Amino acid sequence: MSHFPHPDRFVNRHIGPNKHDLQEMLNFLNVKSLDELIYQTVPDTIRLDKPLNLPPAQSEYEYLAELKATAQLNRLVRSYIGMGYHGTITPSVILRNVFQNPGWYTQYTPYQAEIAQGRLESLLNFQTMVSDLTGLPIANASLLDEGTAAAEAMHMFFAEKNKRAKPGEEANEFFVADTVLPQTLDVLRTRALPQNLQLVTGDWREYVFSEKTFGVLLQYPDMHGAVEDYRAFVEKAKAHEVYVCVAADILSLALLKPPGEWGADVAVGNTQRFGVPMGFGGPHAAYFATTEDFKRQIPGRIIGVSVDRHGNRALRMALQTREQHIRREKATSNICTAQALLANIAAMYAVYHGPAGIRGIASRAHEMAKALAAALENAGRKIAAKHFFDTVRVEMPAGELAALRQKAEDAGINFFYDQTGVQINVDETVTEHDLAEIAGLFGAKSVAPVATSAVPAPLQRDTEYLTHPVFNSYHTESDMMRYIKRLENGICRSCTP
Amino acid sequence: MSHFPHPDRFVNRHIGPNKHDLQEMLNFLNVKSLDELIYQTVPDTIRLDKPLNLPPAQSEYEYLAELKATAQLNRLVRSYIGMGYHGTITPSVILRNVFQNPGWYTQYTPYQAEIAQGRLESLLNFQTMVSDLTGLPIANASLLDEGTAAAEAMHMFFAEKNKRAKPGEEANEFFVADTVLPQTLDVLRTRALPQNLQLVTGDWREYVFSEKTFGVLLQYPDMHGAVEDYRAFVEKAKAHEVYVCVAADILSLALLKPPGEWGADVAVGNTQRFGVPMGFGGPHAAYFATTEDFKRQIPGRIIGVSVDRHGNRALRMALQTREQHIRREKATSNICTAQALLANIAAMYAVYHGPAGIRGIASRAHEMAKALAAALENAGRKIAAKHFFDTVRVEMPAGELAALRQKAEDAGINFFYDQTGVQINVDETVTEHDLAEIAGLFGAKSVAPVATSAVPAPLQRDTEYLTHPVFNSYHTESDMMRYIKRLENGICRSCTP
Amino acid sequence: MHSMISLGSCTMKLNAATQMIPVSWESWANIHPFAPASQTGGYQKIIRELEQYLCEITGFEACSLQPNSGAQGEYAGLMIIRAYHLARNEGHRNVSLIPSSAHGTNPASAVMAGMEVVVVACDERGNIDVADLRAKAEQHAQNLSCLMVTYPSTHGVFETSIKEICKIIHQYGGKVYMDGANMNAQVGLTSPAIIGADVCHLNLHKTFAIPHGGGGPGMGPICCNASLAPYLPKHVFAETGGAQGTNAVSAAPWGSASILLISYAYIKMLGGAGVTDATRYAILNANYIKARLEGAYQILYSGENGRSAHEMIVDLRPFKALVGAEDVAKRLMDYGFHAPTLSFPVAGTIMIEPTESESKAELDRFCDALLAIRQEIDEIAAGTYTHEDNVLHNAPHTIDVISADKWEYPYSREKAAFPLPYLRQGWKFWATVGRIDQAYGDRNLVCVCPPIEEYMHS
Amino acid sequence: MHSMISLGSCTMKLNAATQMIPVSWESWANIHPFAPASQTGGYQKIIRELEQYLCEITGFEACSLQPNSGAQGEYAGLMIIRAYHLARNEGHRNVSLIPSSAHGTNPASAVMAGMEVVVVACDERGNIDVADLRAKAEQHAQNLSCLMVTYPSTHGVFETSIKEICKIIHQYGGKVYMDGANMNAQVGLTSPAIIGADVCHLNLHKTFAIPHGGGGPGMGPICCNASLAPYLPKHVFAETGGAQGTNAVSAAPWGSASILLISYAYIKMLGGAGVTDATRYAILNANYIKARLEGAYQILYSGENGRSAHEMIVDLRPFKALVGAEDVAKRLMDYGFHAPTLSFPVAGTIMIEPTESESKAELDRFCDALLAIRQEIDEIAAGTYTHEDNVLHNAPHTIDVISADKWEYPYSREKAAFPLPYLRQGWKFWATVGRIDQAYGDRNLVCVCPPIEEYMHS
């Protein structure tokens, strides 16, 4: 394959010094060859004695051509799986100017705040967005995923609860509702093990708080899409001095009474559906919000507001020394790299849509889910939950499920299945045409709007969010693009518009 | 389709004022409604009395989804058609940071030079690149396409030749070799008509210069890929005081003796194959280069070097008044909008590859074409030309041609066909695998390198090009990206690196 | 793109990312213009539909997507008028009437199309002098080929006499060519067909969202009525154009086909009501600016009810003794704005076209800047600063000037660089060189990168 | 990205556009992590191949792509060591030896994995004190779980004793966890397996070209030898991990799968020779900077032949009485550079890692800046400027400062903003705020956008 090599080789684009540079540098270093320098540098006892066995280098053009073929091996279907990951529309202005812009994606952690005010402002927007939607006053600048965010909450609770406990006498039981996302539970199992935390899972309605209980985790809406009223449960937890973490779907909080308003100490979740593609698992930004009490225990990075030497407001990563010199023996969290770029995209999504837009997107999902549920019910299907946000669960016998699954997958449609039912998540990308197609699979006919809400009155949100001007100023593409560019150029006036 | 409208409507992204703005503005204008303002503005005699009959608005998401389906109606095949349009590789760093970057594409014509130095530098690079490759000292900042560029040359020649001619006594014959690209000839026919220019086409070897001849147009390499030695012909033209325009393939000039070195007064051509996708016809930047004699007659925009009030070197559009106040009755050209963005991409391609890279790309095409020609010849095919650059023409009877065409198109391969032959253009994107596939279609076996050049010695280029530091400094992606960004930010130090 | 670019006659509206993105999809980008039609179904569909939309918008019958710029569109349009007359054995009709306010490309295109240009006067309100038009049309009745007219006029006015004007031309056997540069004031409210034109070009890079690319690409398709449709340009390698079509005006059959996607997206995503709203808001925005500037500046020309169309001319000639229009343009850079169109169509003026894509906040910032500049002019008038040494004359102020250790100006650095508070909120940009000497550059024309040695001395 | 970001330990190498572009292709972007395997053949192929490449590069047997960051990789690695000991009924082994120079995440991860951290000293040359290591290993022999070691060390040195170190650990029944943050000095020249480690993480966002995104995303896959492979983490919804694998460490089976494409492209486009060259040039660039700075600055620690690995620590403590390391970092902004890593792993120093992607011209500009700063320090030493009022102490100098009418500093504006000529050639950037008060912010922790009223007063 090398009779006619293209002169453009990636290695020459990637590596800075050219031949001429190399010679000058070697002269300066007083060595004859790069090999000589390497021999002086890498101890001979550990030198690799054969070349790496990797495929031959491809040109950029060849690589892209081959990858195109590989991409064909993925089958793009309509996904209604949900379970923490949702179809979403990345606004093109954000896609092009943030996600695909090296001015946003190459940057390092903003340790040098004086030249990173723009990106810091965007992360502050993320924190404000999370805080508003969860109803909790403090939020961090992202964590790695919902599962690990829940684990961070568990450990933070454990440490706080047992601050003054003697070794061996700690309260070490953590209750996880059996309606928490399975992948979250999986991560919690791993993370509970080393510290000997006892994970108890089960029906939250039946959980009996003990002396040993230090915390609980609930999913809202739960993994089956049901919107449960946890308020009495949380009160009971409070009474037992047990901390409560709620894993909440960020979009649902536009319609649902947020965890912060019914006593949660921590809310965690994924912000993926705020404009970040699913990407077969990531990257996406998880959020972590909490109360003033945990202000200084919050894991991960936090952007804070300070002043510069001229007395002007200026943003920075707060509590930085905590990260760079994580207190070694006492550490509860090891988070450094998190999901800044994705947090920025999610924040930009909120800036772009604003409170009315976010509410509109959430309402539409809810309306469509209700309509679908009604249509399926009319067709004789058993809908699992009366109260839901955007996910409809249909109880079905295993045999029927298998047939449905076959039919659906043939039609290029993914649902979520378990032993006893199937779940359909209605996200922002779903169209009326999609709904009809889904209904058809279940033998249902027309899908029509339903007037009443499927959220019970006491759980309907009645507080505002995203009221800060930054979420209410850049709703045209021109304004949005310019805002993104100003931030890219390092400009921030402490988040005044 | 509107039970569940998505709240995000493009019209609200496109239009600046929101409802609140609107009200304030109407108040300020002292009108009750936007309709009232429109009634005050648009005379009632001309008002459209019914709404436009256009399809209903789609959301951005719906539009992209539908366009994806429409795109499937185009069939992507391997194209070896050539004829002025070629496969090319747009370097990803240029694609992402220029072609897909609003910082480059939204800008207007750089009339306000003080804030456009970066883009002006890039256009100056384009001019230098064209000048270097064509061997002519002056180049403009692009024209619309090769066909109209040739027409501009024709008119410029006509005006110059007949500067002092009495009306009715002008020399008005323009000779166009019958090996000029058909679409160029087509445009020339249109453009010759109104001024009563006589187009004569035929074999350039047989053309007899007359009193009336004011100019000629040659194609280099010609439309069949042949590299002809026009030197004697051009000398004859000179002797008859006839101006010569050469339409030249920009890439070929990396290997061929450039028109400027054998007497051309103007060279024109397409720079598409310097990294600009074919796009079913455009946009691409045509070039126009000429001698000092035509410096002030050159059509289109020219970037020039001047000084600012502090005495620093600064770039600007030269001879601007000429454009803004095109001398009405005497105008020979009406060019305003040209192809700046594409000229910038082509210039960046040259900056990125540098002289060695450009030569390498040209050589590779030449080597592959030679190898292919040899393979086909070995298989008993009749190769039309002994001397060629990157295009192989095979003479074949019409019947065989039809069969070949069928077979090729079934295999997803496009060649150029006419009554008596088929042409295969080898561009930058062609791989060894492609060559083998082509050879196979002709019943030829292996394709192997051929030592001797298919360019005759006297037409081989022996002069340097792209020697300016700007073409020799940014060959790594980091350096290139930063250069692009510096220019985007308006920075130029008069093209010193 | 960092702030409004209010170039009159240029329509710098939003170029939405969604419109731009598909242009780089390989299924659009990598298609050869002469590929067999069987392989280009996607393009054929887009082209067919876009032609239809543009016909609906102009009120015409047929469309050619071949011309690559507005000026090419003019040329193409005139060529089909020429063909029309020829076909009727009136090939002698070669006089093109052009109002004195026309863009330079109009007469240039007319000359290229072999026409004789006869200039029609404008009256003191900036409108075409109908009497002069009638006189010239009558005078050249035998040879009248066409009128070229921009509508709304390059003065930013919907001339009420337009229908009469077109009638006069038709009466004398001429055709009306409408320059569509100002189409952004028409879409959905009126149309070239309604006003009485026979053919027009559309600058897709103005009205239909194709970005300007720093001076291209553009697209200047033409639409025409049934009388001219047979003459639309053909192409050697493709099925396109009218039955008796002229030869091609561009190398490729559908011009710069790939960027048609942008205009196509624009229309598909706005729909009929949306493109009409775009026009309505473009007019709103222009009149808002006009209202805000009135008092401080004189606005040249307006419609019968005192409204401008989608753009307006701000007269700076009253300040001639103090500053030139160029000074204002350069000073706007210090305020973080690209200057409006300078000295077109009237020398000594700036022409402002905000487009519908700008929000009120942005319009206000811009007006604030122009009003502040008016005060700076007053300071010169008041003698606070001399004619030769003031913020306008010395604009733009570069970083080098502002950060120099020696400050030699009678005003403060702050006044020079940050005259309004918003500039400290992310809107400041810097000219990288000072005011450029235009004459020097034209006298010493250097248009390739000078050899490196030259820089040693600079 | 406008200039070199020489962050030691962070490997800010080129993120090539070709590597980035496919991440937004819908066929990669729009796949649900729990989609049936039959629909994800493309991802499966990439994952399989990338795992293989990373194994080849590390010399290990198996790989898990689950961890989403380096720190997560550490945790995952320690958890499989934990599982290994457990499986051998040695669950009591819970002591993790960690050199004093380790990154903070190392002990934090160890604690999270339920281990007791025992710190091992470094000698005066910055290397692990082998005697201390042996003593600690022996002392904790019963409970020794592992050593966590960064190689080359966080001091930027290829410690020659590394094999011996690993042998000692193995001898006492421990495993060696290698922190792969500095892998860019190893690829193709040596490997974690060769030095004697049992498991390591790789920061794909360092060595393998994933951009840092302003603090994420990242990917921290782990590779390990056959002894540990059975314990690699599993996932509830996918086939992955070892036969006796632990529960998941991330929510998704292959972490942030879509950005694996970036590292995959990096390896595919460089090939074996290319990735090795990357390492060689990374070492060249570092040593070139070192050589240029020597004389002006003391470089802390180096290898036996006086060479550093791919990064080096510049000691600023000798100037402590005059300026702090932070002053140098902030002053570099005035010179158009992002500061190197500050005070890690040694307080009062900066750590420079140029990577292979920087050309000599860029390295020279950077060295010029640091050498110029050294002269500025000397001016303080010489008493030309006071300790409280000098270019370093007042850095960074904002546009507001530079353009202020009042200039209150003992040096010139030019010296403050344009200390070297290259800054006038497009390399200048501006800090938008002055030096930030860290203590104030931590005392008054506000971490949501303050309500708008607050800004009224500021």
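To keep things simple, chains are lettered A, B, C and D as they appear, and every chain counts its residues starting from 1.
One rule holds in what follows: a contact is a pair of C-beta atoms (placed from the backbone, for glycine too) under 8 Å apart; a residue touches a chain by one contact, two chains touch by 3 or more.
Nothing here was measured: the structure is a model prediction, and the numbers come from that model.
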Message: For the interfaces A-D and A-C, which has the higher count of C-beta pairs in contact?
response: A-D
Statement: Computed over C-alpha atoms, the centroid farthest from that of subunit C is that of chain D
Message: For subunit A versus subunit D, what separation do you get between their C-alpha means, in angstrom?
response: 24
Field: Whole-Å gap between the CA centroids of subunit A and subunit C
entry: 46
Task: Between subunit C and subunit D, tell me the centre distance in angstrom, where each centre is the average of that chain's C-alpha atoms.
output: 53
Field: Inter-chain centre distance, subunit A versus subunit B - centres from mean C-alpha coordinates, in Å
entry: 46
Field: Residue list for subunit D, restricted to those that touch at least two other chains
entry: 1, 14, 16-18, 20-21, 357-359, 361-362, 400, 424
Multi-partner residues of subunit B (at least 2 other chains): 13-16, 18, 60, 92-93, 95-97, 100, 102-103, 476-479, 481, 485, 491-492, 496
- request: Spell out the part of subunit B that touches subunit A in their complex, as residue ranges.
  value: 1, 3-8, 12-16, 18, 60-62, 89, 91-93, 96-97, 100-103, 353, 356-357, 360-361, 364, 367-368, 371, 428-429, 431-433, 435, 447-449, 475-481, 485
Task: Note which residues of subunit D are touching subunit B in the complex, please.
output: 1-3, 14, 16-18, 20-21, 357-359, 361-362, 424-427
Task: Show which residues of subunit B lie in contact with subunit D when the two form their complex.
output: 92-93, 95-97, 473, 476-479, 481-482, 485-486, 489, 491-493, 496
Statement: Contacts from subunit D onto subunit C in the complex sit at residues 399-400, 402-405, 412-414, 417-418, 424, 428
